[in-house]
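Both complexes below contain chain A, partnered by chain B and then by chain C.
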Partner chain A sequence: MSATINEIRPGAYFDSVVLMQLQRELAQLQGVIDAGVVMATPANCDLLISSGFSFDEGARSDDLLIVIKADDEQSAEKALAQVDQLMSRKRQIQSEGYLPKSMQAAAGQLPHSSWVLVSVPGRYAAKVARDALDINKNVFLYSDNVSLEDEVELKKTAWERGLLVMGPDCGTAIINGVGFGFANHVRRGAIGLIGASGTGLQVITSEIHRLGAGISHAIGTGGRDLDEEVGAITALEGLNLLTRDVETEVIVVVSKPPAPEVASRLLSAAWGCGKPVVVDLIGHPAPARRIGSLHFTSSLTDAANVAVRLIQEDNESGIRQRINPEESTQRPKFARGILAGGTIAYEVTIGLQSVLGPFFSNLHIDGVKHLPDIWKSQEHTILDLGDDTFTQGRLHPMMDNDYRIRRLRQESADDEVSVILIDLVLGEGAHPDPASELAPVTAELLQKAQQSNQLLEIVCIVIGTDEDPQDLNYQIEQMNAAGAKVFQDIGEAIIHTIDAVLPVQSKEWTEQNPELLTMPVSAINIGLEIFSESLRSQGAEVIGVDWRPPAGGDERLANLLSRLK
Partner chain B sequence: MSNMTDIETANKSAVERMIAARPILTGVSTAREVIPGMRENLLLHAGPPIEWERMSGPLRGAVIGALILEGLVKSESEAIGMIEAGEVDFAPCHHHDTVGPMAGVTSASMKVYIIKNTTHGNYAYSNLNEGYGKVLRYGAYSEDVISKLRWMNDEMGPLLADSLGKSDGIDIRALLAEALHMGDEGHNRNKAGSLLFLKQLAPLVTGSTASDELRSRVLQFLGDNALSVLNPVMAACKAMADAAHGIERSTVVTAMARNGTDFGIRISGLNDAWFTAPAGVPVGLYFPGYSSADANADIGDSTITETAGIGAFAMAAAPAIVTFVSGTPQDALNATLEMYEITTMEHGHFTIPSLDFRGSPTGVDIRKVVEFGITPRINTGIAHKDAGVGQVGAGLVRPPMSIFEEALFAYADFYGIT
Partner chain C sequence: MSATINEIRPGAYFDSVVLMQLQRELAQLQGVIDAGVVMATPANCDLLISSGFSFDEGARSDDLLIVIKADDEQSAEKALAQVDQLMSRKRQIQSEGYLPKSMQAAAGQLPHSSWVLVSVPGRYAAKVARDALDINKNVFLYSDNVSLEDEVELKKTAWERGLLVMGPDCGTAIINGVGFGFANHVRRGAIGLIGASGTGLQVITSEIHRLGAGISHAIGTGGRDLDEEVGAITALEGLNLLTRDVETEVIVVVSKPPAPEVASRLLSAAWGCGKPVVVDLIGHPAPARRIGSLHFTSSLTDAANVAVRLIQEDNESGIRQRINPEESTQRPKFARGILAGGTIAYEVTIGLQSVLGPFFSNLHIDGVKHLPDIWKSQEHTILDLGDDTFTQGRLHPMMDNDYRIRRLRQESADDEVSVILIDLVLGEGAHPDPASELAPVTAELLQKAQQSNQLLEIVCIVIGTDEDPQDLNYQIEQMNAAGAKVFQDIGEAIIHTIDAVLPVQSKEWTEQNPELLTMPVSAINIGLEIFSESLRSQGAEVIGVDWRPPAGGDERLANLLSRLK
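The block that comes next holds the complex of A and B.
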């Protein structure tokens, strides 16, 4: 006949790792069948009940609940009597120096620390993280159950102060060779990573290591960073840090399914960063295997492979130079495409949108916005002029340039437009000499733009062969002479367009400490003690905080305190 | 947000005043002549207000002894009769700019040290230390206790008054700063401070016109008593703490005191309110033959030292007495490090060599006490619960958490923070 006894210790807080170890040790004692040692939150109590434990009611969330099930009453009592001894053995290891109770005191003992690792229970985590930002520390926020509102507020605050918040629910990061949370031991190298929260980074960093390359830094963002509300604040900051980090030559960005507009925003920043960026945004369709310096991959190991290949290829071509911010501040913002070829329009739209953000169109493509008035473009617009609406009562634009010329004038008159894309599709049945009509108007419009200091480019995609009746070279020559940028490769036209339109990069950069990644890691750890031990064993300077819930978990007092801050 | 700025600024300003205060021992005089509101039938006592019915043994004994010393009664029974007839008024020392160790009973004819805070102009007072053994502050009132008090009042007091009167005074803040570098923490250990005090007084005393016998006896008395400087130190701390009192919106503690029954605190921004709860029994070491069963609840105004950033708060400076808290020198460091968690600033004058001359933790903030669940540490002597037995040990005590919580709620009420 087994016996179950329990003890409730009011207001005695311990972190769950300590309790789990204690639980395991209790369960190993002679005659003990099983033991449960938890902070008596409703969730933990339910868990114990479902594991077949019974215990007294009335324990509160901040009470320590110890339940022991044993072969007989005597064994249970004996085990319970050993709790203090087992706990003090745990404590002894760290009772040498002073364990500060508050982050402020820890900061006083380690004033030059730049990181605070937070792994306290979720409902307290946002406040602790906020306190860390208030004393100018960067945050590794391991805790989960942090609300989206709190995450947004924390990250905005961090952004304004040039600080980084990794997380919430961030399991992994590697900063300057030191793994935070759950990180693998990997070779140091030239690949910098930005990833959502944990295992994704572990998969890629391990794979890179296996392939013989190494990691400069791995920055965790938390799983919601690329949600619309958060707007990729941490990923953008991480990108900024890795861009400026001398050691990092290739950047890998992986994320859980992102909000499309946020993905574009991040990719547009990645585009302008001046380093090749390997992108694996799960659930976000890759526009191409590669657009300029952006390499799209479809799996974590693929991302690792591409990154390692890029390192080996060394300074590969096609890396974009960052736009001079002074020049770009005056740049008009929008791209317009007035294209005769429907499939060309389709491909151009997908390619541009992945980096530049949302496009309007008369094409029906997922994620592309419907242009309300087909006769009037807005923001970024790509039009398929072969659409029935345009061809009613007139020939297809491959044969008749009349409407295209009118539309070209109309788009160029919009001073918010920086690039207009057109296409010349040659071959049987097409206009016998389209450039003869489009080149003069191109020249005229570019000249007009120049006179009024408008930065306007006309990008012309020419599709055809040297055997076509229109004479490919002659068509290209005419357009070149008119000042158009001529491309036969649609991909290159897309790259050129993105370069010309890309929003001002400097708006995305915050004033972060450029040395954050290169300084020796020095951290304050609040919550799980194993993180302190882990950092210490990696040679980092760390001070643990003997954290307790504010006011011992008394909600009324804690609320009052928060109003007296 | 505005609260924070207000409270932070107020606290900073309060504690800056506490630190800037410069307490100078300017003289010795008779209580009735210098202590505001002092009168014949008024007895001042340690701690928060308390009525006779609730007084503990040592305080009752000291009250009886003081009435005998004042010549108002001849015996214990007369004293009790007079008290029960309502002919004796009681008031906390703290209400009269005064502090006293243990029972802290101060009566009209007693000689008191005069401390002037030359920075802000306020005064504070404390009686003269009687030394060890059977003493009034532990509730003893036998004939020898009374005759020693008479000698202190009639012979030592006037000599000290005369000696100090010829000097520029003794800078107690400077004395404390030096003593902290000599192994004192200013509350339980005052060995170095008392010798420094003796060193300053000796030339003044020997230079007086009193008899050789008296001068010799006074110097001997001061030198034999490792607590002789405690009373001027306490008055100095009172003068410093008072300088921090009355700052609007400040949540800094400006008095901690015990009357042997209750522990009380006052808050800078909450006027004269006391927040009290039953005082605990200190945990510590007992003299041979005594145990915690003999201990009175915590008593005395000497917690004014911790209030001002020394005492247990400067424990790291006094590793020699860590055995009182059954510890190692590391525990002494830890004690001070813990107090940084709940205080406002580091003291500009009181520094601690073993912490790389970091300023001592100064100005307890009730918000931090409640938030972190850390109450102030207090080093204290332990009084026997029966009147007149005296000190039975020394150790560590902490005020009850409830008074800080209560003060916090009162603060919110007072400033309309809901």
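The block that comes next holds the complex of A and C.
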């Protein structure tokens, strides 16, 4: 027969490392079978139950819960009696030397520090981070269990002040050679990373190191940065920083599944940054292996491999635009596609949408908007004219160009349209000479646009072989002569269209500290003491704060105190 | 002032090619501005309206609608008066020689024909295809507007009889060098394709040809074959055929967005087929660039490139299993992952699920099932133990192995579990020697499993660098010594797990005609005459049927007649 006893200590706060160590030491005492020492959150209580513990109900999240299962009651009682002694010994070992009691005091001792590392429990973390922004420090917010509202508010504040908030739930970052949180020891080099994914960054940086290359900086954003509500504020700030960082030659962006519209905003910024960008948006279909300077990968290892390959190549340079997390003020022009090939329509839509944002279509693709009236395009629209609706009692558009020609006229009459994509699919069964019908109308519409000063391009994708009955080269020649931009590669047609349509971003935003990445790391650490030790071991300047929750963790009292202030 | 007149001819059926040509000839007559000659389906009426035509209401889908817009009423009337003359001239040109009036008559003339090509209007197509199966012919079903129910029924019937139904809405196929429907002229070679995407096949085959390689066969399935209801019957049949085809060395599978569960069924079959398979599931996130013999690509051009590269390499051989579109009868064993790295958990889940089918998880990924009770795994389960729920008031599992060890014990106690995945993430901030805690429990649990004859593997992913404080090699050695299968590459861990878990399919299914792909193409063509011409021009044997809709297209009469039979 075993015996289980427990003790609840109301409103007692301890560093999680202390609790883990205490639990382990209790479990090793004579006669003890198992022990649990946790803050009594609902999840921790469930966990203890699932591990076979029983204990008194009624403990709150702020309370310390100690449970001991032993061979007999005597051994259990004996173990419990040792808790205070073990705990005070921990305290003595841990707190070597004097630590300031507040962030403000620490900042007084280290006035040039640019970072505050926050790893206090989630419910206190937003307040601590806000205080850090108020004294003009950048924040590495390791804490999780921070609300989305707090995250949005912190990041907006930081953005307005030219500061960076990495997190919440930011497990890792490497700034100027120093790892924050969990970080592997890696070679210094030319690859800069932005990660809305903690272990994603760790896997990629370790693999880059293994391949013999190195890291300039790795900027963590927290896992929700690419959610719709946050809008990639930190990722876009990181992109700005790495764009201007001379050491960084190739940028890697890694994220857990992002919101599609936010992903295209980030990619449209990356498109213009002037450096090759490797993109691994996990669970988000890659639109192609490569679109212009964007290289899409489908695993972490693959992302590392592609990045290392790219630093060995000659890369384009020149920043085409400044990156702004706010919407562009310039009115965008639209792309339209009226395509005979259904799968061509899919590939074009997914490719264009990945950078240009939402498209309307009669295709059923996740994240693509349903076109309410198929007879009338709106904003960016791609139509599959081979769809059932269009071919009932009528030939497929690969054979019959009649409606395509009517629709070409209709799209070109819309002066918000700057690119119209069409396709010519050759081969057996298809129209014997499609260009003979599509080239004249292309020439006519381009001429009309020119006369009315409308910037219009007709992009034509030609699919076929040199053995096809229509004569591939003759088809291309006719379309070229009519003024169309002709591509045999769908990917190149996509790149050309994005370049023609992407609005140039014009609005300036608050300047970040341009030296943030290059000056020596100097930080204030609030929360887990191991992070101070880790920074110090890497040669960074760090000062810890002897942080305690307000009012000893008693929330009602803390609220009362804050109202009395 | 222009004038528009129209005529409705009830229940008149014409080949769509005839209508297109008639419309064109009318539009070219003197004084005529524009003309429309269509079957009066709702879509065609909308289309005429969107093109600026007006006409009498009340025409039905079975009726022929002729609309003429001319400079004046006289020119319009004059054009309309010529319709019959133009139409009868078309008929004369088209119908050279005698054509049998029924499929049965045609089959009598060409008894060894193995294919029936069907391109009649959608509402008649299922019946014609069914008749073809009844006389033991394989079907190329070009027609669209066929119901999903009819598709499922046709394909199940075909599968039971060892026949193939390509389509409905199958735009293209290449069988033994002969293109069906729309098909490009391409070199003969070692790459076999399966396409639930018509132009997808055309783009890839054209690109393979351009790269200097060639095609053995290209099997079309129709765009809905990978929908849940159809369950990839034709794709799986195609995979069987290409697996056994000696000419085919590499297989390419291309599809519009598939149903995730059907995709994994197809991929688990492809996994075992013994030939390298290039997979381009458009709009479906690729789980990796490569998992074992499956090569994932993210564009059509990319798929062609990878396939061509693969035929130049030495490839594995040996068919591991027969492919069966029905569920395996053998009870599967389950994989469990209890991972500290969130992104590692994502990548592992997406990779395993792509082949093994649905996983439960606390991760929020499209297509991954929500684990109702995070304290208890079920079937295939991957847990991110770094998730907020697990880390409130408790250290991250990269620092604290306590719960992982408890959960390892729990998972291994389930005798339906054959693989447990764990990860060791090294670096600053992480546990100073995680293997010292995880290796002993690994050894203990593996030993216990062995004693009770449970097939259990513990797969351990180690992430870190040779400069990390934990000593990477020492960590690996400890886990190896404990009997774990250790991988530094997540992709390799995924492959190992799939191989350990994938059930061997045992049930036999009806044998297909093993010579279907290798015997000379001989076909009966019902519908568009141009497809007869196209097959003949490619040297195939073909006989057309002078098909008319039952009861001249009058559906009520047709129903009446069929009941009188």
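Keep in mind that, in the parts below, the second predicted complex is superposed on the first by the 344 of 565 C-alpha atoms of A that agree within 3 Å, B and C clash if a C-alpha of one lies under 4 Å from a C-alpha of the other, contacts with A are read in each partner's own complex, and residues count from 1 in each chain.
Everything below uses one rule, namely that contacts are C-beta pairs under 8 Å (C-beta built on N, C-alpha and C of every residue); 3 or more make two chains touch, one makes a residue touch a chain.
This one's a predicted model, so the numbers in the text were calculated from it and none came from an experiment.
S.K.: Count the residues of chain A touched by chain B and by chain C, then name the partner with the higher count.
M.R.: Comparing chain B with chain C, the partner touching more chain A residues is C.
S.K.: After superposition on the shared chain, which partner residues are touched by A:557: those of chain B (first), chain C (second), both, or neither?
M.R.: first
S.K.: Between chain B (first) and chain C (second), which, if any, makes contact with A:100: first, second, both or neither?
M.R.: first
S.K.: Regarding the shared-chain residue A:468, is it in contact with chain B (first), chain C (second), both, or neither?
M.R.: A:468: touches chain C, not chain B.
S.K.: Of the two partner chains, chain B (first) and chain C (second), which one does A:274 touch, if any: first, second, both, or neither?
M.R.: neither
S.K.: Quick one: which bits of chain A touch chain B in the complex? Just the residue numbers, please.
M.R.: Those residues of chain A that touch chain B are 96-98, 100-102, 104-105, 108-109, 548, 550-552, 557-558, 560-561, 563-565.
S.K.: Spell out the part of chain B that touches chain A in their complex, as residue ranges.
M.R.: Result: residues 3-4, 7, 251, 330, 333-334, 337-338, 340-341, 367-368, 370-374, 405, 408-409, 411-412, 417-418 of chain B touch chain A.
S.K.: In the complex formed with chain A, which residues of chain C make contact?
M.R.: 16-17, 19-20, 23-24, 38-41, 43-44, 46-47, 50-51, 61, 121-122, 144-145, 169, 171-172, 179, 181-186, 197-200, 202-203, 206, 209-210, 223, 254, 256-257, 282-289, 296-302, 340-344, 346-347, 350-351, 364-366, 375-376, 386, 388-396, 398-400, 402-403, 406, 410, 425-430, 463-465, 467-469, 488-491, 530-531, 534, 537-538
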